[in-house]
Amino acid sequence: MSEMTYLKAISDGLRTEMRSDERVLLMGEDIGVFGGAFKVTDGFFDEFGADRVMDTPLAESAIIGTAIGAAVVGLRPVCEMQFSDFIACGFDQLVNTAAKMYYRQDLPVNITVRLPSGGGFSGGPFHSQNPESWFMHAPGLKVVAPSTAEDAKGLIIAAMRDPNPVVFMEHKHLYRRVKGEVAEGSYETPFRARVAREGDDLVVIAYGAMVHTVLEATTDLAGASIMVLDLRSLVPLDEEAILDAVRHCSKVVIVDEANETCAAGAQVAALIAERSFEDLDGPVVRVASPDCPIPFSPPLEAAVLPSVDRVREACRQLLEY
Amino acid sequence: MSEMTYLKAISDGLRTEMRSDERVLLMGEDIGVFGGAFKVTDGFFDEFGADRVMDTPLAESAIIGTAIGAAVVGLRPVCEMQFSDFIACGFDQLVNTAAKMYYRQDLPVNITVRLPSGGGFSGGPFHSQNPESWFMHAPGLKVVAPSTAEDAKGLIIAAMRDPNPVVFMEHKHLYRRVKGEVAEGSYETPFRARVAREGDDLVVIAYGAMVHTVLEATTDLAGASIMVLDLRSLVPLDEEAILDAVRHCSKVVIVDEANETCAAGAQVAALIAERSFEDLDGPVVRVASPDCPIPFSPPLEAAVLPSVDRVREACRQLLEY
Amino acid sequence: MATSSTHVRSGPTTHTDPAHLTTDDRSGLLRDMLMMRAVEARAMNLYRQGKVPGSFYDGFGQEAVSVGASWAMAAADRLCALHRDLGAHLVRGVSPATILSQYMGREAGVTSGRDGNVHFGDRRVGCVGMTSMLPDMMLVATGMAMAFKLRGEARCALTWFGDGSTSRGDFHEAMNWAGVQRLPVIFVLENNQYAYSTPTNLQYAVDPVQRAAGYGFRGVSIDGNDVEAVFEATREARERAIDGGGPTLIEAVTMRMHGHGAHDDMKYVPKALVEEWRKKDPIDRQTAVVSALGCDVEALRAEVLAELEQATEVALAGPMPDPRTATDRVFAPRDAGEILLEDGAAPWSGHRQ
Amino acid sequence: MATSSTHVRSGPTTHTDPAHLTTDDRSGLLRDMLMMRAVEARAMNLYRQGKVPGSFYDGFGQEAVSVGASWAMAAADRLCALHRDLGAHLVRGVSPATILSQYMGREAGVTSGRDGNVHFGDRRVGCVGMTSMLPDMMLVATGMAMAFKLRGEARCALTWFGDGSTSRGDFHEAMNWAGVQRLPVIFVLENNQYAYSTPTNLQYAVDPVQRAAGYGFRGVSIDGNDVEAVFEATREARERAIDGGGPTLIEAVTMRMHGHGAHDDMKYVPKALVEEWRKKDPIDRQTAVVSALGCDVEALRAEVLAELEQATEVALAGPMPDPRTATDRVFAPRDAGEILLEDGAAPWSGHRQ
């Protein structure tokens, strides 16, 4: 065990798997010599060389498309988008070619697509997006979103080993802010939810960076006992864990950093509305970014992203319901 | 008034607006000499010429991107994707450049993007998709989806006049199957929901092709009085009409042809779960395509798309709840 | 300028060197073209009878392009065939019965009814099923070639695409990537003069074969209705690829002799153009070549038709897929990690030497 | 082949014809470059003081490219400036105070704090704010040019982009579209040798200026650190565009003299390369030209700095945006339909004749 940041845990997972599986190949812009825009692959170039830590042309469709090709002949490419926002430029290859290949042709596409996502540091409209729900709505893609260092390592390893295309949401704002004990060597985190805190009066469901916002917001909230459920995986979605938590607490708040409409949280809310009707003692409350681009200027950005205060207020109101 | 198909109503709307506003320009693959893959622009080339009914190269990003450029200097381009599925190839320009321009720069982007969507005719995984929820999750885009000939004309005209980028979902399976009385001349359909049938015991919420499936499924359903709400617009979403209907009926079924997870219906369900808690006499039931690519072979496709039977069964069960 | 620029101008038309083809090869090429045409003609009939759901596309008049190019490929090479390239599947070893089942959406089709018409690729013969979005497969082929190069394998990847497809960004991203990495990939531009109804002058100002030079590799334009010329250009490109000489763009100039799909009467194509090209029919041409060598083409034709009859019967007798399986196979199970493309048939005698 | 092919090979380097520039023009070019450098240096300071949120990118050493090219543009022309092109905004008339406000996310910035750093364009001076996804603006510029051509207007559109940006599909789609329609659009490829850390040999095998020929229009490579050469090449391209001669790809060869952003120490760039280019500083060069003409460059410099001081004060005194407005303006109101790009400043004397 050693303590490391969320970022280092991702690096550690990639490195561990690359050492044990020579089929793993990293592809992306500036990931080699430079070590990546966020330094996730710092030092990899020296250890693994240009062939396995490939500095690609600036071409997202090509990164995904060639990775698919390499995968179906036996490599296990991990693609980095420099920011998750740029996946819009490789969208077609991901949702059409990669996602549907196994269903259509019985041919698995073992690629992992790393998407550094999220806001909170004045990245503005093109460097702050949380695009996960687009991929939840593209059958054939798995989507995971760790919130802790431990899970970051375990999920990136599991993603590389999963024969399906896996979209790995890594939240930029967690990279260096979040630290934790991480086991040495190789392990996999299952694509299932995790109870981040036990509780009885209300459950808050979140994933990625919002797990931390939620934990902070619900610590010592007027003495209430609040469960926090960290989804970890969005596809597959751990429906059982969600329904169990709601059954146990009878009240639920769902928090998304993404824009509200058709976000992951909308799916979770819809699930609960359909399956937990008799368990609910109050409305299914959502907290999310409103439907606008994520603004650059700090006061504007702070007004848009779900804050500790907004989550706390939502919980307080629901507790009183 | 004259009776025409849904398809002809779209043509009629385009033609009417082109005659009165010379800024309107149609762009797309094979829309000129050939009149479009579905013949929506049949005859337009002869009437308006190659400059206003532009046969473009096979390049979706270019179609959207150049349309944006033309719009900000005063034209009003209407882009046709040959099938809605191909919008994945122009995704970036739509969600990043068009959608965010007004918010970022105070510069409206008056483009309309026509997306012939939906399944039901063995189009297979690449010619049957219903991608509307991707665009609902891209702030800055309006999204409309007519179900009738009358609304098809009124919404396409309103879309062209709206200064924002509007995604116009036209369901291929309605093109020639659905007919209706359509007023001559110019009119706009508001971006609001419409009660397709009054009722008191249960409301079914749908849009596009599913409105017809729902109307058929709920005609004479064990004597129940079933309201059908046709959303018509997905962004903006007519929240008031939805909440009113639920308040009135206390039971709701939401039907999507799209894949279930994070679909438009998920957002509607989430809205109801949050805002109608005290009005509900039963779970918020959803009927949608399961999360898989839309298969080609008729028995497989029929097993996936929401059918009259599935909707009827869902309503029956909820009525008995 | 800190650029390594390799200026390779487009070369002249490659001519067939018959030394590479035995008489059996040459009649084999004809046989596969005959079978492609026969299968598509049959499928068109089945379509008109309502037995092929959805829409129907064929490669009538373009048989030489897919057959000629795939004939040059070795068993370990990998292919992505497009919608005019039925011949490639036949060459690689997919049976006519499987193909007809595929068209009809039957369980025995390559995709078990999950995808339609030519949107398929049998992974057991080294083919990736095409994505409809054109030309996505150029990047997939480039990626396969990248893997071959990284592993130091003497194999190559090949894909086809049309004149219209050259307008899309993925064409460029693939050409550029393949050029930068000097990959063993062969791009066959099937220039059939139209993209649906759109003539090439609305698609490009300069013939795309000229662009190869701007990516640092060879571009060659050949007669796409001469199956042996297509074979020879591909064979040569393959040799270069395997030898580390990088990619090749082959433009096979041909003509789409049917509508874009079964629904299209192609009124937009000048009649004279069609007439002109009818005289260049690739099957007629190869028939003349093979007849001159003393082969009995009529017997070959009869053999093909007999095989097709049987295939049709088999296909028609097969069941439709079970609707309860519709949502199976969205995700591969964990142990599917070892399922990859497998080797295909490689009929050319040169591969057996 | 049913293609209309216009073979236009890349031309030789264009040399400045000083007849097109008066002494005032020549010192004006210098002034704008001085101001660009001064504003960016100030902004970098403000960034280090924590007053510029997010990240910070500049165009140090590349001032000639944006200033020279935008100087050739007329008021009615339309521009999309990229992240190294601050000079273009200055030339078109955006004030240094507005720009500093923009960097600091203040209400008085062009985007009222909604977008950051150089991600802006003031529609009131005919500029479209860049989308971060490179090179999306090539298509937007192409679309503006298309509208001009359709309406028969004697105007053109211009956009810049980097060497890295040429690898993306949108580069190709724009080049191809512009070539097919022969549009009045000017593409300025700012080749500064690197895309973030990626050198050009990983980006392309052949210098992209060679590709223009493959799209049927002129490509020219010029010294991007010679502001008058950039001006002249752009002026000439603009004349051709307005005369119906179609697009031009201008490659301005330059060097990025700072890191990709403020966080980047560019260790990956050979020191010798930086040293070599330091001697070619575009401001030094134009200073020599203008001094030789008898202008008092020191006075000019002082004037620029004084203006900058004042601008900084104004910007620093301005308020941050009101958080309650954060979700305003997602959609334009119905009557916004008439809001379009407006004319910008066009300082070149040639436009006043």
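Note that the chains take the letters A, B, C and D in the order they are written out, and that residue 1 is the start of every chain.
Here is the rule we use: a residue touches a chain if its C-beta (ideal position, glycine included) is under 8 Å from a C-beta of that chain, and two chains touch if they have at least 3 such contacts.
Everything quoted here is computed from the prediction, not taken from an experiment.
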Going by the touch criterion stated earlier, list every chain that contacts subunit A and also contacts subunit B.
C, D
Taking mean CA positions as centres, which chain lies farthest from subunit C?
D
Go ahead and note the Å separation of the Cα centroids belonging to subunit C and subunit D.
44
Take the average of all CA coordinates in subunit A, do the same for subunit D, and state the distance between these two points in whole angstrom.
36
Distance from subunit C to subunit A - Cα centre to Cα centre, in angstrom
40
Quick one: which residues in subunit D touch 2 or more of the other chains?
111, 114-115, 119, 131-133, 167-170, 173, 176-177, 180, 202-204, 330
Touching two or more other chains in subunit A are residues 56-57, 59, 61-62, 85, 88-89, 92, 96, 100, 103-104, 125-126, 139-140, 291-293
Treating touching as the only link between chains, describe the layout with one word: line, ring, star, complete or other.
complete
In the complex with subunit D, residue positions of subunit B that touch it
25, 51, 56-57, 59, 61-62, 64-75, 77, 92-93, 96-97, 100-108, 110, 139-140, 142, 161-164
Considering the complex alone, what residue numbers of subunit D touch subunit C?
1-7, 167-173, 176-177, 179-180, 182, 191, 193, 199-208, 210-211, 213-217, 253, 273
Of subunit A, residues touching subunit B in the complex
85, 88-89, 91-92, 95-96, 99-100, 103-104, 125-126, 133-134, 136-137, 139-140, 235, 237, 258-259, 261-267, 269-270, 272-275, 277, 280, 282-286, 291-293
Subunit C contacts subunit B in the complex at 53-54, 105-106, 111, 113-117, 119, 131-134, 164-165, 167-170, 195-198, 202-204, 268, 320-327, 330
Going by the contact rule set out above, which residues of subunit A touch subunit D in the complex?
29-30, 33-34, 37, 55-62, 82, 85-86, 88-89, 121-127, 290-293, 295-304
